[in-house]
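Note that chain A is present in both complexes that follow, paired respectively with chain B and with chain C.
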Partner chain A sequence: MRARATAGALGVALLAGLLTACGAGDGEAETVRFTFSKREAIPYMTKVVDDYNASQDDVRVELDTSGVDVVSASFVRGNPPDLMLANYNNEVARFVDRCTLSDLGDTRAASAIRTDLQPLMDQYGRCEGRTSALPYSVMAASVIYNKTIFAEHDLEVPRTWSELIKVADTLADEGVTPFYGTFKDDWTVAQGWFDYAVGGQVDTIDFFDRLAAEGSDVGPRSAASFEKDYTRPLEQMTQLAGYVNDDAPSRAYGDGNLAFAQGEAAMYLQGPWAFSEIAKTAPDLDLGTFPLPMTDDPADLKVRVNVDLAAIIPEGSQHQEAARDFLEHLYRPEVIEPYNESQLGYTPTTDAPPPSDPRLAGMTDYYDTGKVYQGASVLVPKTIPLTSYAQGIAFGEDVGTTMRTLDEDWARLAMRQ
Partner chain B sequence: MSTLTTTPKGAARPKRGAPHHTRRVEPVYYLFLLPSLVLFTLAIPVPAIIGIFFSFTNSIGIGDWELVGLVNYVAAFSDPAIWQSYLFTFGFSLVTVLVVNVAAFLLAVGLTSRIRLKVSLRAVFVIPMVVSGIIIAYVFNFLFSNSLPAAGTSLGIPFLSTSLLANPDLAWVAIVAVTAWQAVPGALLIYIAGLLAIPGDVYEAAEIDGASRAQRLTRITLPLMAGYVVINVILGFKNFLNAYDIIVGLTNGGPGTSTRSVAMTIITGFNSGDYAYQMANATIFFVVAVLIAFLQLSVTRGRNTL
Partner chain C sequence: MTTTLTTPPRSETSAPSGARGRARKPRERWNRPGTLVLVLCSVTVLLPLYVTLSMAFKSPAQAVDGNAFSLPAPLSVQGFVQAWQLTGFPVGLAMSLLVTAGTVAATILLAALASYAIMRNWERRMFRWSFFYLLGAMFIPFPVVALPQIQLTGRLGLDNPAGVVLLATMFQLSFSVLLFTAFLRSIPAELEESARIDGATTAQTFWRLVFPLLAPMSATVGIFAFLYAWNDFMMPSLIISDPALQTLPVRQQLFQTQFSNNYNVSFASYLMAMAPAIVAYLFTQRWVMQGVTQGAVKG
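Moving on, here comes the complex of A and B:
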């Protein structure tokens, strides 16, 4: 009993100390803890924060670059950051689903966002009546191809499945590896092969809505299932996987970047993040991008996107107004547009220009007209080892069997959640 | 354990506390126990009990949760991914225990016989023990993915020319090999200690009776070493059931899901918001481990003292 009283007193004393510490700075500026951990862009964000702090005296922003795990832990402890720019995925969506993020619907930033991106945000999770997160940077990914190799063999960018197969056959006949595969890293199979194949012919928004409606009934007799909707695209994926380098099963992401930079293959199923890695070996390599055609109708062409960064303000933050002030600053065109330009991302505001990098030019039309999808592999909760299953298929596992396993996993997850 | 490792056959156990005092224990001794008792309780039983409690909820690690009874357990028992991870973990542990103990025993016999460079050789064989598992795994990962296939190709051995780690049916062999490479030294040290404790006159007597080298090994060394074998098997099996770092570094559970251990399954659940479910899995694993411990103790009771 006495011990508890002592502990209590100690806690109160500590808290009082903290409060006075906060209060001390309160006369001049309110401190906002801003979490941002995208390593490549930390120098840019540091400068944004410094400029903002110098421009006014009411709010002082502190940049916190500790990673996602630390942030999750801070939510559990009830001491979340005041503002976050973070990769938007199922892990962040947990905070959305449980309504632990404040409504950003009334901010100027929110009204500047392209409305056709909202379904992509909602795909991960929703808190009824709230705009829990705002997209800040959208990454588009598709097939990266070596323009020099294509020119040498008189090849055009394929726009249909049969054209794609023709291109691959021509390259293979002339002794060039059509695709570089890095199957040792399972995420590369899921991100590139699996997602491009599925997204190229399945409407993922509609599919996951139908799947959610089936819930724990997903299985051989349900109207929507992985087996029913994914078997065809994945059979096509295994057909394409026949055109890879012989040692694909033992090659990892780093090996792939090096080999592709050295011109060992014509096409590479990776995202724009690979450009800077490839440029380390071959800075002047002439590269382009195109969506993977999966059907014989060019109208079906789409690029895979992900919300690389989204802005959120946790409800637990004690500095809601100050955090909003800095949020508006982050969304000013002179901040958000150069950011995306430098990171090869697309700015999600309505009037922003696309990134000028010529390597992305092949995807810009699709992004501008909203012909985009989010990867199926990131929409399935991570507790289902989809990336491992995708890797298994690339290694020759039967598509039908794997999809039935996936259906069972989905049904079990729906049952217990 | 010290009594196990130092009592040779037939030696009478020292009679403990010959003049038996029934005097009350000095209370200050309890005070000495207190710090470690408090730390142990806070670090192990308390989190374990909290975790077991959450296995009956639908918590995802944050936010609200409610009690859901046995739902997580029912789901876990019908989850083929979990069954597969148990199957893999037990198969892997059994094979590895066998490989490690056979290799370590033979090495120990070699390293205690009259050979040159005995001491330096022992040092060489113990080195793997001091290197961290994840580093070993990454180094071997490179060897399996690049060096071995290159060697296989140039020697014209088709079996070696593709990476062992890329073969869903054989990737476990690579994991056993690397785990054994790291675990042999620990077992080796215990076997060397055991061999050195066997008195030389037993062998002399056997030699006079005309026992051959092989007979001396199977009729004298092996029976006298039974206690050490039991220790190594129990310790090894317990360690291999927790297999994690070497698998993460070598295959990360792949290709596909063919080498996912129980520990890996539990941790992926924590990282992906499936906290309560994998807590249930962890609880099941704990119960299984306790059962195995009792089984091992009852099977070996009476035999480990020779």
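Moving on, here comes the complex of A and C:
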């Protein structure tokens, strides 16, 4: 008897909830929950949201900065955010793979995006027939170098592997540390050393396609394997790792930024995110960037990119139209371009100018002509401890053995899936 | 009142303990190795606390200069201002307080009731089994049941701080029941029998007699529940769906990014979040010490 009464009460409560939800349509503004958790850019986005809310009365955007865990839980619960700008990686790609994101192909924003970025998006995951995510900010990463040190020693930016070695030798002979290594943080080894070495020599998209075709057969006898394709670039990486500061194994990312800002080394294998950290200590340091040359052909030069932010609208959102309206607003040139300018990112739309920051100038040509690759270390699923393997190599582990382990891990994972 | 009780003149306290075999030695005996160990122990707490404090007042440039122990120069409160704004501190604090207070109250109350019922009916099979059932929850960590819990709370409209209070209480219950039952064993049944003879009902016996006697243990249980609920990150982050109702630890996750170090902002924020916990700890710790000795003398 009491159970029935409780059920009835629950029913009434549910009905009331539904009715209020319907009522929101007429007169009141529709609320759109917008998830964005890139800390450095929250002030900028807050302003964008405020301006948008002030400009019209139909849609009210609420900025949600609570992060990735919360979003995953909301998908489980069935009340995902209405719009997200998220770092595009394997975690977000899971939502793409399972077709839980709505198709953005018919938006104005989608038609403005450079088409040659699509293969990069597809590398993580795809839902057939849909454009599940739109790139919003692309970060390019390569070697950061101290222009003052280079000028002092009459050095040119190297464009081939042998020139790079010559530069490193010259610096070492004259008592300057050529590279600053921060091997204590394994991700810095994977992001910089591993990815630049591999990406500068191996066609990453092609390699992962061939690897996927092999599936669980990846191993000593397969046509494509980490051991076959990665051993050579990684041997070169170990050669370069001989030019680092003596205390590299015990230095972390924060130490590296500080030391590089104090001019303790000439080159630093980090992305543009390190610029703002270096600037905290040395705001006027004259820095530049160049792609790490891994072959003796300057035509092979490429920069590592990652889709720092991508826009998605989950299918489970109750406010598809309103979310789309705000999405179009976000992609307006006067919003997206200043955003990327301030975050040192590249705007993925066709007619956008590159960021004007001189520190990025060394990468712009490569980005504009599409000579880019995504880091191999982020394309391998996180169940495989690739960053630790990369760190092991930096610490002197044998490249061949490590790559064989990686092959075995890959084959096992392919079999499980 | 309490202060005068706990801090009597030094000579009085040391006299009874030192009087036995050591009449010759001065009353104050300095235990060198013991003191040294205690000093080292307190350093492990004070040093991080000092770094937190000084870091919070540093400027962004000084925060990353690699000298964690240096004093802030110039003194900057920018970290506090930013942390306050980024986390929406007042609301976050209110939510954390709400969740914590709810969990502490519910845990003490439910665990005390359950333990009393179980201990006084120990000879009955169902009560004994329900004790084991409650203890069984100790073997289930939250991450294992996270997914179904997220869905369940979502469907029942409990994807808010109330749901977190409910779940946190549930997870805290087993350990608390264990503590209470052990303590209840030491309370003589004669006390309750005399209450019965005076005509008290079961409810009256519990509220008037047993629950007050449980006070020291309630304090202990309360402290555990407080620390758990105040510091918990995972459960609120997964259960609460409205970001406006999120607790402080989840809001602070913002500061832990791979690519940038904002030590001054993060430490300012941690300091503000720690303050209530430290204050509560200072107060309740004293109360527990007092309560335990009281209980020991009376038992």
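Operating definition for what follows: the second predicted complex is superposed on the first by the 393 of 417 C-alpha atoms of A that agree within 3 Å, B and C clash if a C-alpha of one lies under 4 Å from a C-alpha of the other, contacts with A are read in each partner's own complex, and residues count from 1 in each chain.
Operating definition for what follows: a residue touches a chain if its C-beta (ideal position, glycine included) is under 8 Å from a C-beta of that chain, and two chains touch if they have at least 3 such contacts.
All values derive from a computational prediction rather than experimental measurement.
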Combined model on chain A: chain C and chain B, fit or clash: clash
First (chain B), second (chain C), both or neither touched by A:Gly254: second
Partner chain in contact with A:Thr65 - chain B first, chain C second, else both or neither: second
Chain B versus chain C as contact partner of A:Arg221, first or second or both or neither: neither
Partner chain(s) touched by A:Val76 [first = chain B, second = chain C, both, neither]: both
Shared chain A contacts, counted only where both chain B and chain C touch the same residue: 76
In the complex, chain B residues that touch chain A: 58, 60-64, 68, 71-72, 75, 78-81, 144-146, 149, 162-163, 165-166, 168, 252-258, 260, 268-269, 271-274, 277-278
Interface residues, chain A side, partner chain B - complex: 72, 75-76, 90-91, 94-95, 98, 100, 183-184, 186, 247, 249-252, 381-383, 385, 388-389, 391-392, 395, 397, 405, 408-409, 412-413, 415-417
Chain C residues within the chain A interface of the complex: 60-61, 63-66, 86, 147, 150-151, 153-154, 157, 159, 234, 237-241, 243-244, 246, 250-251, 253-255, 257-262
Parts of chain A lying in touch with chain C, wherever the complex brings them together: 13, 17, 33, 37, 39-40, 42, 62, 64-67, 69-70, 73-74, 76-79, 187, 253-255, 257-258, 271, 273-274, 276-277, 280-281
